[in-house]
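Quick one: this structure, given as structure tokens, is what I'll be asking you about.
Letters A, B, C and D name the chains as they come in the text, with residue numbers starting at 1 for each one.
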Amino acid sequence: MSKLPEMVKITKITQENPYVKTFFLDTEIEAKPGQFVMLWLPEIDEKPFSISYIGKETGITVEEKGKFTKAMFGLKEGQKIGIRGPYGNGFTPKENSCIVAGGCGIAPLSTLAEKMNNSVLIMGTRTKDRLIFENRFPNANIVTDDGTVGKKGFTTDVLEEFLKKGNIKNVYTCGPEIMMKKVFEICEKHNIECQASLERFMKCGFGVCGQCEVGGVCVCKEGPVILSDKLRKMKDFGSHARLKSGKRVPISEYAKWRCV
Amino acid sequence: MNLETNLCGIKLKNPTILASGILGVSKSLLKNVIENGAGAVTIKSISYEPRDGHKNPTILEFDSGMINAVGYSNPGLHGALDEFTDLKDLNAPVFASVIGKEPEDFTKVIEGLGNLDFSAIEIPLSCPHTPGFGTLAGQDSPEKTLEITKAVVKAAKVPVFVKLSPNTKNIGEVAMAAEKGGASGITAVNTLGPGMIINIEAAKPVMGFKIGGLSGPAIKPIAVRCVYDVYGSVKIPIIGVGGITTGKDAIEMVMAGATAIGIGSGVNYRGNDVFTKICNEMKDWIEKNNYNSLEEIRGIVHE
Amino acid sequence: MNLETNLCGIKLKNPTILASGILGVSKSLLKNVIENGAGAVTIKSISYEPRDGHKNPTILEFDSGMINAVGYSNPGLHGALDEFTDLKDLNAPVFASVIGKEPEDFTKVIEGLGNLDFSAIEIPLSCPHTPGFGTLAGQDSPEKTLEITKAVVKAAKVPVFVKLSPNTKNIGEVAMAAEKGGASGITAVNTLGPGMIINIEAAKPVMGFKIGGLSGPAIKPIAVRCVYDVYGSVKIPIIGVGGITTGKDAIEMVMAGATAIGIGSGVNYRGNDVFTKICNEMKDWIEKNNYNSLEEIRGIVHE
Amino acid sequence: MSKLPEMVKITKITQENPYVKTFFLDTEIEAKPGQFVMLWLPEIDEKPFSISYIGKETGITVEEKGKFTKAMFGLKEGQKIGIRGPYGNGFTPKENSCIVAGGCGIAPLSTLAEKMNNSVLIMGTRTKDRLIFENRFPNANIVTDDGTVGKKGFTTDVLEEFLKKGNIKNVYTCGPEIMMKKVFEICEKHNIECQASLERFMKCGFGVCGQCEVGGVCVCKEGPVILSDKLRKMKDFGSHARLKSGKRVPISEYAKWRCV
């Protein structure tokens, strides 16, 4: 795929829940689970999005949040969108694994879960109508903050239960950074390797500008998937991120700025 | 064979320097780059007020180089003061890059940064894609260059490098103005252009700011000619920047007259360890060609 | 879908034009290029007196483009009078390219060529590597451009195109000066730079004249931006030149505002039939993207 | 090989006769017989030269004529020279052939003659001490203007004799253009295909500048080897060539300018 954005047709749009749509794009991208692309809306902006379906068509699952995703939600099948990538390292699949997805965090994890169909999958959301991919993963362990579907509670509680059973050796996670931080801490306690897919504001997407830096690492290139050995040294993991100006702020301020 | 370099009194373990705007947003990334072999590092340019910069796409790769219009996004003086503490901990000199519209803008930042451990201050008067700054504001004329350089040199406690534009008609004259203003060195060059890339399917320019500055391999011959011209015009040392991705490219810059070598886009083409790679390639080449030092070949094409 | 183009009253069967300095030394080569699909052809620039040009190497290819410092070698007015007889025999319009130092030099040649069948006269005020001419003589300033254009327009019986430099700070202003001087069109752009390539084993610049102008893919984003700027500044049509090697490149130029497309280095990258290839690719793209004509997309990115 | 000149070492210099040396260069060039390279002497000039030995080392056989070749003759083994190429089309080997070389014209023909060792080779020079490669080609039919070695007369006379015998179908030639013109005319008379290697002043060497044009063809790219069908249409073949300025002059004036 070209390093410059290429305009590709949206072949299909599916509504995953009231806030989330999946866009299927007329382009085949050779990607690993966890890799991402940069989507371009001419004259609007360009943003990173994980690949949620890898194949003849490329699927991107998007939650409506701010200006860019609103504009995406206004697109119809047959219209075109710019795309470049794939970027980032992606997940390394391993046996005896547990996948912990928070909200839209299932997007980059979904292609991994399909590859490792004997792994444990935990999908958590705030409430029932936030859930996605429940049909794609009928064996998933669903958990909601309010118990409107699946178990009531947090993904981290369910993870601890599985870890206590003893045969899990690797944990994969993506979701709100606070959740991922907790998942990591649990893994550390149990001496288990963790792979977390981080999210930072991006510009280049290929490791040049430094905008997406966490602890001396560019999330776009050495990440987005970061392993325990690096997470351990990243003081900013779960605590700080950079605004568009490059200003480093507490993760809560960053999240507010992003209207998540 | 060692590559130790004296850049107006600043000791570098080798002549490779991280160019401003690449990776230089945090102390920990600077550390990463130093561990990857850079002789010195330059931070991303800092203005007094924070700036969000242009909207994306801001940085793209095309067939023969890179194009960018970041628009000087930066956390401002106060962000920089939080970020770049205790630079002495790092194993190589760190250069500040400071931007402004008027001379006072520069000096406010420089005075603000005064207590941090920067070994030099670079002032780019040469950005081709940010209104109010660089070539779009005429900062690359000999007159403006002299005026801003004088003010900056007066405010700075460390050597000042003036970063020039390859788009300037007579770069030698601008370099002379910088030298006259008291600059300790010249950085040549900033990005070329601006250029424009149109996505024809979208019928729109692809950069968020429509235009952007070119860097990488496409601009190397022009950067080399600029260094050649500057070397012929001033006595102060030159940091040669533009399209350097290999040890041979670096040797070419030295032969044109550079004392040190800035590397930006090279990070994209060869990874963060481009610095180590280039240094090893330079050493190999120098030994194979029976030279003993970089001094021997500096400016040799002027003979 | 046809590509017929009206360039200030000159009818072209398609908008591709052979750029000056490539192949255009003889009538038989012009014929060859026309048979290979060019909509029009430009001869290599002619001065009053014959010129040997610079010594070799004068033209080289590098990784991302070409560099040349031919130095305007040409057989002079009298050589041209022998060479370019009965141009009406050819199946496409032929444009003269005329150079000079002072306005009188241009007009002497133009008057001399008066009885030949040139459809237009192009005056490059923009060569970056020939002392006494182009940017090295300041012919690219708005003042000089106005002065020379006025004189040339007065002497010429056919439309006059002024060829501009991408190295000029404000190309829009120069284009306005040419328009004011009576030019019928703007050719944008000539080669970029100059640049220098050093052979480090020889420790010498590789060009015979040390420096040279860049052309080919490396300069395309800058050429496109120049055409974009010129389109925003003048009403007369533009011949967009610089790095065009494919139909998509040509579409990009048209979207930036070009009426016709000059092709030089493209001959090296895709052969003499680059003209036919580009035309076919343009047609395919236009049809596939549901446009009906080039007019529909001309300058579309300005909307 | 790079498109920019590369500096390579001269490993050996052999004196072929008082006026001609062969330079062996430390570079292996994949070339066809008849192709040429551009040799660069920094700060002096750059000129086209045929490849006279193809292999691990590349041989270039040079006659001392003017400024450039004089400078070459001043080079010693171990020194370096710039080279780029190969350029041009080269000869197409065919059965039942006769090779006609005039003077230094044997240089581009020599590698062809080695490939087709059952072809007839005619080598002509003005006088004995101008002859080269007589040891390389012991079976060559040698002819000199003055009869100091081999037959007395012209290469064209010998060619006519061989053609009369009847089994020659192709003729290859390189040498002074007047000679080549005659060879071509003889071939036309006998209805035999001719491949002539032309020589013109060159700049780019790869078909861009038009400097080397003959009859709408760039000798550097569509040549230097030109076949009968094109030779037939080339009014300038044997009659006109271009000086450095591009001025078209009679071939005699061109030859004088070149001090040949």
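To be clear about the criterion, a contact is a pair of C-beta atoms (placed from the backbone, for glycine too) under 8 Å apart; a residue touches a chain by one contact, two chains touch by 3 or more.
Note that this is a predicted model, so its numbers are computed, not measured.
The chain with its Cα centre farthest from the Cα centre of chain D is A. Taking each chain's centre as the mean of its C-alpha atoms, chain B lies 51 Å from chain D.
One finds 35 Å separating the Cα centroids of chain C and chain D.
One finds 34 Å separating the Cα centroids of chain B and chain C. Among the residues of chain C, those touching two or more other chains are numbered 62, 197, 201, 204.
Shown here, the protein chains touch in a chain-like sequence that does not close on itself.
The complete set of chain-chain contacts reads A-B, B-C, C-D. Chain contact summary for the complex, chain C toward chain D: residues 21-26, 28-29, 31-32, 44, 50-53, 55-62, 66, 70, 73-76, 79, 82-83, 197, 199, 201-202, 204, 206, 208, 265, 267-268, 272.
Across the interface of their complex, chain B is touched by residues 3-7, 38, 40, 42-43, 45-47, 80, 82, 84, 203-204, 206-211, 213, 215-218, 242-248 of chain A.
By the touch criterion given at the top, residues 62-65, 67, 135, 167-169, 192-198, 200-201, 203-205, 211-212, 214, 217-222, 224-225, 228, 248, 251-252, 255-256, 285, 289, 297, 300-301 of chain B touch chain C in their complex.
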